[in-house]
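Heads up, there are several structures right after this.
The following pair of complexes shares a single chain, chain A, combined with chain B in the former and chain C in the latter.
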Partner chain A sequence: MTLLQVRNLTTQFFTDEGVVKAVDGATFNLDKGKTLCIVGESGCGKSVMSLSLMRLIPEPPGRIVQGEIMFNDVQGERDLLKLSNEEMRRIRGKRIGMIFQEPMTSLNPVYTIGNQIGEAIALHEGGSNKQVKERTIRMLELVGIPAPEQRMREYPHQLSGGMRQRAMIAMALSCTPDILIADEPTTALDVTIQAQILDLMRELQRELGMAIIFVTHDLGVVAEMADQIAVMYAGKFVEVGTAQQIFNDPKHPYTQGLLKSIPSFEKGTEGKRLPTIPGVVPSLSNLPMGCAFADRCEKVKDRCRGEAVSEDPCNVGRLVRCFYA
Partner chain B sequence: MASYVLKRLLLMIPTLLGIIVITFAVVHLAPGDPATLMSQSAESSSMNEGSAKSIVEETKKLYGLDKPLPVQFLRWVQRAVTLDFGNSYRDHRPVMEKIWEALPITLLLNIITIFIIYIISVPLGIYTAVKPRGVADRVVSVVLLVFYSLPSFWVAIMLMVIFGSGDYLNWLPITGILSHGADKLPWYEIVMNISWHLILPIVCLTYGGFAFLSRFTRASMLEVIRQDYIRTARAKGLSEWRVIMKHGVRNALIPILTLMGTLLPALLGGSVIIEQIFSIPGMGRLGFESILSRDYPVIMAIATISAMLTLVSILLSDVMYKVVDPRITFDKREG
Partner chain C sequence: MVNERQTYASMIWRQFKKSRLAVVSLFVVAALVVIALLAPFIANERPILMRHAGEWSMPIFDKASLTLSELDVIKDSSSGDLWFINPPIPFGPTTYDLDSVLSPPTKKHLLGTDGDGRDIVSQLIWGSRISLSVGVVAIGIAAIIGIIFGLLAGYFGGWADMIISRLIEIMTCFPTFFLILTVLAFVGPSIFNIMVVIGITGWTGIARLVRGECLKVRGRQFVHAAVVSGARDGRIMWRHILPHALAPVLVSVSFGVASAILAEAALSFLGFGVPASTASWGSMLSEAQEYMDIGWWLTLVPGSAIFVTIMAYNLIGEALRDAIDPNMKT
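Then we have the complex of A and B:
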């Protein structure tokens, strides 16, 4: 069942330097209980994308200028962009939970973990103080925090980075949302903790059946998590496909470049330089008319610079924004 | 926590001693002494030089000013530890009595002033921070800047001329804190009478304070609003009001609270200018007049009490930090 249908989502920032097209016509579907990974370099618009889905873009300077986000749950299908602020607040935290990159700064330093998790429960589910507390403890247990009754009385600074991210996950999942948006949740953690958190998220996904939108720049993480992958470049999706399609049969030169630049331990690669994609991401406020990747692309031809690229010009059968895929 | 407070209290003793030594030295080494000042005022009543000199000598002997400074100092400390600050040189009344008369007036004036400044500035700062660079923010900042720039002595005189002189309006009293003979009225009328007298001085004391505190709150709040945990609070589905009031304000108040620590000594000091202009017999006026007439016992008593309160208030604001910010601990770090 399709839970979320995003069509032509466009978020722009109106700054003194001009209009920044942070997300430019994003289109994708998310199925119930599946994981979509949005991959891209820093500054390609991934985070703005995830905040747009929650309608948390700071306004001004930002604004979602067009598109629709059709959300389909037990209450039927509706466009999140057409909801009132009040209705949208009932979606946030309740139907869509979100976790962020930096678990230290994402938790309020002056309130206890229990207070911050219980707050979401009390807001969306109601119930007596005792019920809220019991549920908070259950959530902390669920995310594998030992001694939850004691931990819920502690402040964020008393927890380790991994524990904080677990607490964030407990908070985001406390009202059993249909979708969990995770904006680089493991970037600030060291590798062993990273693996634990990813395991935890997969486990919770099996248990609670929520869909995950996982935003990351780490292709290793993507390989572990993704059912679907959307590769983002300069505010646009350049290639969308299943994990299998993207990893085994990448069509877009940018996707191919990304995959080539993963360090490999295979024989014959020792002592060789790791391939990279030359050049830098163009400024989002001054994008070229044609393909934004043209300046860094090996296969670039004149047509790439002069003409806007449609979603699938080569008829691959999925979104591959390239004339020569 | 208790051991920390105790340690800090013990550390206050040497600090206080240092302050007292310096104050004592500065006051006594300043040119002019009470005895000479007294004889000068008596000089006009045609006295020959010899008798004037002997009066000076005798006065000095009477007050113990003929002794070497260290001896004077020790004698003063000896009495001060029992909270006996001696008698005023000017009217020979006990110093503590004079301070007890002036202190409640100044405290009343300043507590009301600070309360009004906080109750208006903090919400104003939060409001302007929530919608920065909007019309309201700009208007508020211009108005407050204008207020801040007006010198209080000028405003005091203008207010007196407009509201109290009878030239334009004769609405408000302009001197003292109680009408003549009003002490025989029932208590509620006395309260009314005092409030009546306090309106103009309090206006003069408050208007300049809004600018600083509201800009301070605004800056603190702006800093907090762009923190990640505010975004988390919004992602939870909380209303904007809850996000700002619960998750924003509590954090923004931490730096504002430290400012509170500096208030206690200011509360006691009083405003020399405003008390002088409105003839309010408070601490500011008492201190000012004592310094002019080299009334050493009064000056020393005020300085000592202020120093003590300053030290206590610094400690208090440190303890307050711990109360509002759970990240701060006074215990030794673990590990």
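Then we have the complex of A and C:
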């Protein structure tokens, strides 16, 4: 079942330096219980993308200029961009949860974690203090925090980074949302904790049947999590496909470059330099007319610079934004 | 790991305690509050508890009952069924002891009397009610206005911020004291008016503080986390942002109370304060002017009271400011 259908989502920031096209015509589907990974370098528009889905773009300077986000749950299908602020508020936290990169700063230092998770529950589900407390304890148990009845009375600074991210996940999942948007949730954690959190998310996904939109720049994480992958470059999706398609048969030169730059332990790579993609992401306020990746691409030809690239010019059968895929 | 429940408040308190002067000041203020609350029991011209003709009564709450001096007269003539407890200071603020006008400190009048024979200690005690209530209520009003405007400006930004910030700037341009004088000249001096006027002219500092704090906290991720969990604007401002601004507001409030007390004293001194029949530290000073050359106690006593009170509030404010300053942590 398709839970979320995003069509031509375009978010722009109107700054003194000009219009920044942070997300430019993003289109994708998200199925129930599946994971979509959005991958890309820093500054390619990933986070703006996830904030746009929640309608949390600071306005001004930002604005979602066009597109639609069709959200299909038990209450039927509706366009999130057409809802009133109050209707949208009821969806946040209840139907769509979100967790952030920095577990250190995502919890309010003046309240206990039990208090904060309880707030999210009370906000959407109501219930007596006792019910809220019981549910808070259940959530903390669910995310694998030991001795939840004591932990819930502790303040964020008394918890480790991994524990805090678990508490954040408990908060985001406290109302069993249909979609969890995770914006680089493991980037600030060390690798062992990272693995634990990823395991936890997969386990919770199976248990609660939610869909996950996972925003990251870490292809290792993507390999572990993704059903679908969308590769983002300079505000546009350049390649979309299943995890298998992207990892086994990458078509876009940018995707190929990204995969090549993962360190590997295969024979023949010892002592060699890790391949990188030369250059940097172009400024989003001053994008070239043709392919934004042209300046960094090995296969670049004249056509790439002069002509806008459509979604699938080579008829691959999925979105591959390249003339020479 | 020792599981120490250490809240922000307990951290501040620990830091605050390091300043001995501030702790002493806290006791001074606490004592003043107790004195102000219990003023009718401490200094009164009527007995606290009385038994007369088999009936118990508390004359301090009954303005129509006999005063101590009248009772003294009756006591000698009555049959003996009269028993009462005197308050520690057996004079009200408006008891005219015409036998000892302008008396220097004596055993009877511990700090002397004024030109009308009113006891200075009693006036001082009753005057503390005016000073403290003006200080607390006026700054209470200022804090409420300041917090609301500050939160609105800092949280919503844009137009709200523009309008409120300009309003703050306009308000700070006025010389506050003369504004208060002018307003009181129109609405008439009363303790209520004084509180309100000091309150609505004194909110700008707090508003600016809250606005700044709000801007600082607004971009922190836990505010985003509250938004994505579906909290309303009001809830985010009140529950998630305001607690972070509370400590600096508290500092500002304790300085504010001091300056409000001073403002009230100055207004009363100029005759724009409380009505003449009500004892206040400022009006005591004002009346003392006439006898400056012969009655030193008349100026020294209320002057010292104002000084000590304001000093105490300022010291508390300063210690609080140091306690919440993260750079001062040792």
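We take it that the second predicted complex is superposed on the first by the 325 of 325 C-alpha atoms of A that agree within 3 Å, B and C clash if a C-alpha of one lies under 4 Å from a C-alpha of the other, contacts with A are read in each partner's own complex, and residues count from 1 in each chain.
Going forward, contacts are C-beta pairs under 8 Å (C-beta built on N, C-alpha and C of every residue); 3 or more make two chains touch, one makes a residue touch a chain.
Keep in mind that what you see is a predicted model, and the values were worked out from it rather than measured.
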Fit or clash - chain C, chain B, common chain A: clash
Which superposed partner A:90 touches (first chain B, second chain C, both, neither): both
Which of chain B and chain C A:2 touches, first, second, both or neither: neither
Contacts of A:124 with chain B and chain C, given as first, second, both or neither: both
Selected from 45-53, 63-71 or 207-215: the stretch of chain C that, after superposition, runs into chain B: 207-215
Chain A residues contacted in one complex by chain B, in the other by chain C: 54, 56, 89-94, 97-98, 100, 102, 105-110, 119-120, 123-124, 155, 168, 171-172
Interfacial residue positions of chain A with respect to chain C in the complex: 54, 56, 60, 89-94, 97-98, 100, 102, 105-110, 119-120, 123-124, 150, 153-155, 158, 168, 171-172, 174
Partner chain A, residues of chain B touching it in the complex: 227-229, 231-239, 247, 250-251, 254, 324-327
Of chain A, residues touching chain B in the complex: 51, 54, 56, 89-94, 97-98, 100, 102, 105-112, 119-120, 123-124, 155, 157, 168, 171-172
In the complex with chain A, residue positions of chain C that touch it: 3, 5-8, 158, 220-222, 224-232, 235, 239-240, 243-244
